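So, here's a batch of structures to check.
Both complexes below contain subunit A, partnered by subunit B and then by subunit C.
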Partner chain A sequence: MRTKRDLDILFNPRSIAFIGASQNPAKWGFIIPLNILKGQFKGELYPVNPRLESFLGIPCYPSVGAIPGSVDLAIITTPAKTVPSLIDECGAKGIRFVIVVSSNFSETGPEGAELERELVERAGRYGITIVGPNTMGIYSAASRLNALMPPVVPLEGRLSMFSQSGNVGVQMLYWGNNKGLGFNKFVSSGNEADLTCEDYLAYFGDDEATEVILGYMEGIDPGSDLIRVARRVCRKKPVLIFKGGRTATGGKAAASHSGAMAGSSRVLKGVFRQAGIVEIAESQGLIDAAKIFSAYPIPKGNRVGILTRGGGWGVITADACEEHGLVVPPLPEEIIRRLDKILPPYWSRGNPVDMAANILLEPFMECMEALAEWDEVDSVIALGGSIQGIFDFEAKVEGTKELKEVIILAREVAREYTTQNDVVLDHTRDLVDRTGKPVVVVTLGDYEGFKSDLRDHGVVSYPTPERAVKALKRMVEYRRFLDSPVEEI
Partner chain B sequence: MNILEEALKRGEKTLSENDSKRFLAEHGIPVTKEKIATSEGEAVKIAGEIGYPVVLKASGSEFAHKTEMNLIELDLRTETEVREAFKRLTGNPKAKVEEVLVQQMIKGDRELVVGLTRDPQFGPCVMFGLGGIFTEILEDVAFRVAPLTRWDAYDMMEDIKAKKILEAFRGKPAVDREVLADILITIGKIGLDYDLVKEIDVNPLKILNGKPVAVDALVVLDTDAAKQ
Partner chain C sequence: MRTKRDLDILFNPRSIAFIGASQNPAKWGFIIPLNILKGQFKGELYPVNPRLESFLGIPCYPSVGAIPGSVDLAIITTPAKTVPSLIDECGAKGIRFVIVVSSNFSETGPEGAELERELVERAGRYGITIVGPNTMGIYSAASRLNALMPPVVPLEGRLSMFSQSGNVGVQMLYWGNNKGLGFNKFVSSGNEADLTCEDYLAYFGDDEATEVILGYMEGIDPGSDLIRVARRVCRKKPVLIFKGGRTATGGKAAASHSGAMAGSSRVLKGVFRQAGIVEIAESQGLIDAAKIFSAYPIPKGNRVGILTRGGGWGVITADACEEHGLVVPPLPEEIIRRLDKILPPYWSRGNPVDMAANILLEPFMECMEALAEWDEVDSVIALGGSIQGIFDFEAKVEGTKELKEVIILAREVAREYTTQNDVVLDHTRDLVDRTGKPVVVVTLGDYEGFKSDLRDHGVVSYPTPERAVKALKRMVEYRRFLDSPVEEI
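What follows is the complex of A and B.
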């Protein structure tokens, strides 16, 4: 078993030497330090380039050795062949962590692989830990460290991610921004010459600022401890992993992509299930699952109460539940009696609870409350919780003067009504906190509010019932693992 | 000397059906009652001991696809049938059969598969799923890496699409999951304990009155591991 790696300094460095600072705006040596400065890094940044005296308004140093004071972390973007000797310089300076952004290592062939071995061997001499090479960088909310290639500024949150693909990982950060989902730490693991996915997983597992772990993986090294590490971590917090290279075609692409060996998908599926890892098979699903796991408590079981404003969507949702192993139990007498007081006499009297086209907010909130408080369900799916978009404010009004006036008045009422959406969302979150059950909102269609639903109200919403059901199902799977006995083997 | 080393000494890459089952039985896996016969008279004697009906199979590690080569004689109910079947097997023009395996005939009502493979990343992995001819057609199997906990073994049974096959149906009792779990855990343990065992196929694992029994088995040896 590998020794555990303490990555506190990597994610919270007090000072960074940036080797390869460049004034060419098209080079990573310009873009990455710009992102670090723009992100208002809390520590010191020391750009290194013998040909520059200053860089983006701060002093530039001719070498790592010339930097005054101590340095915790170095980031290198210079060509691959220059890297091993730079490691010597970092070692002499007493630097503990080096992020090698430069590519042209093992991913390009035997020559690069040889250079990579040399890099690791030299780092070992000085006790230096390497991220990469061929990485897109790291992010850490606590120290406002934005050492990434693209200019993404992630929202701050409790989710931490490692990714064997830089661009897939970074896309998750962008999607997180669009959906109000915050990150705590992120690392693009690159070629994993030294630090590997299992090191990041173990570290995030013990990291108190991390509540949910996300991973994108293509290969797992033979003899890897990943599963043993995952078994331990998954008992403490959810680990969601997207495994690329599942099929023969994808696998081939993976082998030439990250220099990684793709495993047999069936074996991997079983192994993930044993370890308690929540396996995700679509890119969209990863962010959908990340949302619900980071915002909601894990349901106690698989029983779902469904609330809908219209019958058809309730049917679709109930079907999706059944297909994904979720149970939609019938309503007991006392809940029917409770709902009778809220709904018109012709309501469905079953689960899904069909509000029979009632669009008012009060009854919707009361029904949602009745379902969440019903002790025979473990979670609630509420369809049409948002009433945004039901009135087209942009449409041109035509017709008689009287008609125009009425329509304009109706619009004002609707606009007023729309602003009350926040009341519904806050009520929803309150129900989640009070009952300990996920209450998932389905908006039915694209809508501008996904970001604020989660960021400002702590409510998880999806555009379709299918996506809501899949996300819930993953939580139910994780519950199953949490409830399984801990057996010594 | 154990079964594996003896087979390697004879230069075999796989154990014969009988040796495979003897090896599995040594580890507590339920197998068919069976014995090798080298003569017609011996076959009849063994059949009497096991009890009719019996099955006769050509024995030897070189006979891997017995059905295709007409090297299996099923459902033999009398001494005469055993004698005739013995003659047919030893007289098969396509194969040189010197020994015949006399085996308890298990009808069973369901066929499952249990196996061991070695994954380059995770090492020994246990396979479980739908057996018989359906293994290859439906590929309804699940894997777990060894060692398996009891929960892993039970979870595997839930992990195949045809999981209902384990429940009671058409008057037949449900499969004894306790015994099945023991088998799955044991297969994983064999993978961890014996580097010489490369793969195992138990197919079919038949269900008789709810109890699983290994009806056919194949243990593949790792001749590279043997050289080390």
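What follows is the complex of A and C.
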């Protein structure tokens, strides 16, 4: 097994040399330092370009050697063929980490591969550790380091991610922003000439600021170090991996993208499960699972209580539960008696608990509480627990004078009702904390109130029951792993 | 087989008696006529309530008999026990259709079931046809009839839907609004004491304004009329049915919700396929499929050309294609030569066509065109064909004076770029019309620009490749049915 790599300085540099600073707004040498500055990096940024005196209002240096202070990290965006000699300069300056954003290395053919070997060989001479080449950059919340290609500034959180595809990885940062999901560290691993996914996995595993690890991978050798590292890390924190190239078709695409050799999907699935990796097979599912793992406790088992405002949605949720291995136990007498006090006489007395079109908030909260406190379920799915976005407050008011007045009044009532929604969300979070069970909200609303649900109330919500069930299922799988005996390694 | 029911008057009434008009804003007798008025119903609305002289500025009548003109349709929201005698009044007035919104009929037990039988028996005496009881109402674009419980005003379109769950059905109207998807007719079938799903299916099948039919159903007898009706209708237009109660758990919930007897899922699947029904098993999938069926031609087969701006997303799309039965054929020499002129020398020469991080619009459109014109594929998935929502134009501008200026400038460039997006979308629609192939856009952006993609440009877009693939797969299934020999009925 490879020696543990200490990547603390890479993710927490006090100073960065940005080699290839450019005033051409179409160049990465402009866009990336712009993103670093926009992200309000806490350390020193030293742009390097012999043809520039200043860059966006800060001094620019003719060479790495000309930088006055010490430098922890260099980022290079200059053409591939210039990179090896720049490594020499970095080595001379005592820089320990270099991120090579430049492309045209092994991903483009044998000539690039030769250049990549030279790059690694030179770095080795100076004890320099390389990220990339052909990477879309890194992000680190602690130092507000936002050295990424696209103009995304992630929310801060406890999730860390490595990605063998820059595009897929940064998209998760975007989606995280839209859903209120915060990241702690992110790295696009690029061609992995030196640092590889298993290095990042091991580091995130030991990193106290990281609570959940996400990964997008294309090439995984079932007997690789990655699996050995995962076995250890997964006991400590959840590792969710989205594997591209699961099929022959996808594998062929992966081979020409990242050069990954696709292993048999079936073999890999077993290896993942044994190691404790939570495997995700859909892009939306990765961010959905990340959300619940980052905000909720792992349930003790697969039994679910369902609360719904309308019967049909209860049926759909129950179907999804069975299809994904979750169990919906019947209500015991004691819970029925408790719900009898809240619901109309003709309520169905089953799980899903159907509120029969009662849209009031108080009984909804009481039912949710009864289900969460029921000791024969491990989690609760509450449909309609967030109703933001249902009412169109901006719609044009038309009709008779009386009608217009009523529409405006109805709007005020709806607005008041929407505001009370916050009470339900806070109550939901209290239940999670008190019972230690995930109480997952399904909004049905197709909106991004999810962001405030999570960010302002700590509540995990999804637009559909199926997405809630699939995310919960991932937690149940992880629970099974945690409860399994530790294997000899 | 049941006689064909002519529901033209139900969906196109010139006049409605609303029985149970109420000034209490918490009553359906207030909310539903309010929605009718807000929806700008084209015909006459006659509120009926002996205790009111006017309702929202229009005259109110003491009884159905007191209404001056003829009445095509009555809507009743008064308590269940009052309904049978109101049917007598409607009969005396010569009304042919009655929508019974009132609940507390068969869904609440034997007593309600008895009342429901009485209701149907009385209606039969007068030749009255009943919708419901316990329905959430109907919608019809032609007459701008918006007799629904929730405050949703659907967009107008060519999609018609029946739903055995009011909540599930109206949610599709909401989602349709958010995605730019228009409806022509909608009915919540309620307890189906008289009109049933097969009546609505048959009617929508013959209705020229309806191009695609959606249904949510819980109870289906595999030997029922519905299947016989479907066999005929599915040859004319696509019928997408989301079946609740597919599993034992869901079936139990359905039995207590709509009283439906869940058939074996496996048997039903076969029956559906034979009849030509496109079965949908996820709520999000229903609206996703509705979108592509309503806007794009049915592809000739299952072969897909994939265009991507980033390799990883190409891999993910290729995996999804294989997992859902779509084929991703290799590029022939002729297409490779054509793309060689557009792409950089090191491009991968495979399908998915990876634009290798080229973000310009012109080559993207050229590649999309080359794939759509390639005669060995039946449809195209274009990832990154809509980039709205990528840039945060509202974010705070911080930093040095130079930095602020640059951020504002970069924002302008991005805004310009986003505007050019419209050119790509219009080009996409042209390709669809010219080649007769679906060109499905994957935005990756987690936003509802989908609405304008569809509404303003006629382009079908999804946020993830998996959702695009699943929707396309449904079209391929329908194509297989259309290409199959007509069975003897």
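Operating definition for what follows: the second predicted complex is superposed on the first by the 463 of 489 C-alpha atoms of A that agree within 3 Å, B and C clash if a C-alpha of one lies under 4 Å from a C-alpha of the other, contacts with A are read in each partner's own complex, and residues count from 1 in each chain.
Criterion: contacts are C-beta pairs under 8 Å (C-beta built on N, C-alpha and C of every residue); 3 or more make two chains touch, one makes a residue touch a chain.
The model shown is predicted, which means the values in this text are computed figures rather than measured ones.
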Subunit B versus subunit C as contact partner of A:Ile280, first or second or both or neither: neither
Taking the superposition on A as described, I'd like to know which of subunit B and subunit C A:Asn167 touches: first, second, both or neither. second
Between subunit C and subunit B, which one touches more residues of subunit A when both complexes sit on the common chain A? C
Just checking: does A:Ile227 make contact with subunit B only, subunit C only, both, or neither of them? Give me first, second, both or neither. first
I'd like to know which partner A:Met475 touches here: subunit B for first, subunit C for second, both or neither. neither
Which partner does A:Leu56 reach: the first (subunit B), the second (subunit C), both, or neither? second
Taking the superposition on A as described, I'd like to know which of subunit B and subunit C A:Gly314 touches: first, second, both or neither. second
Of the two partner chains, subunit B (first) and subunit C (second), which one does A:Arg266 touch, if any: first, second, both, or neither? first
On subunit A, what residues does subunit B touch that subunit C touches as well? none
Touching residues (chain side subunit A, partner subunit B) in the complex: 220-224, 227, 261, 263-264, 266-267, 269-271, 273-274, 484-485, 487, 489
Residues of subunit C defined as touching subunit A within the complex: 25, 34, 37-38, 40, 56-58, 103-104, 107-109, 150-151, 153, 163-169, 171, 174-175, 178-179, 216, 218, 244-250, 252-254, 256-258, 281-284, 309-316, 318-323, 327-328, 346, 348-350, 352, 354, 357, 390-392, 395, 398-403, 406-407, 409-410, 413-414, 444-448, 463-467
Touching subunit A in the complex, subunit B uses residues 117, 119-123, 125, 141-145, 147-152, 155-156, 159
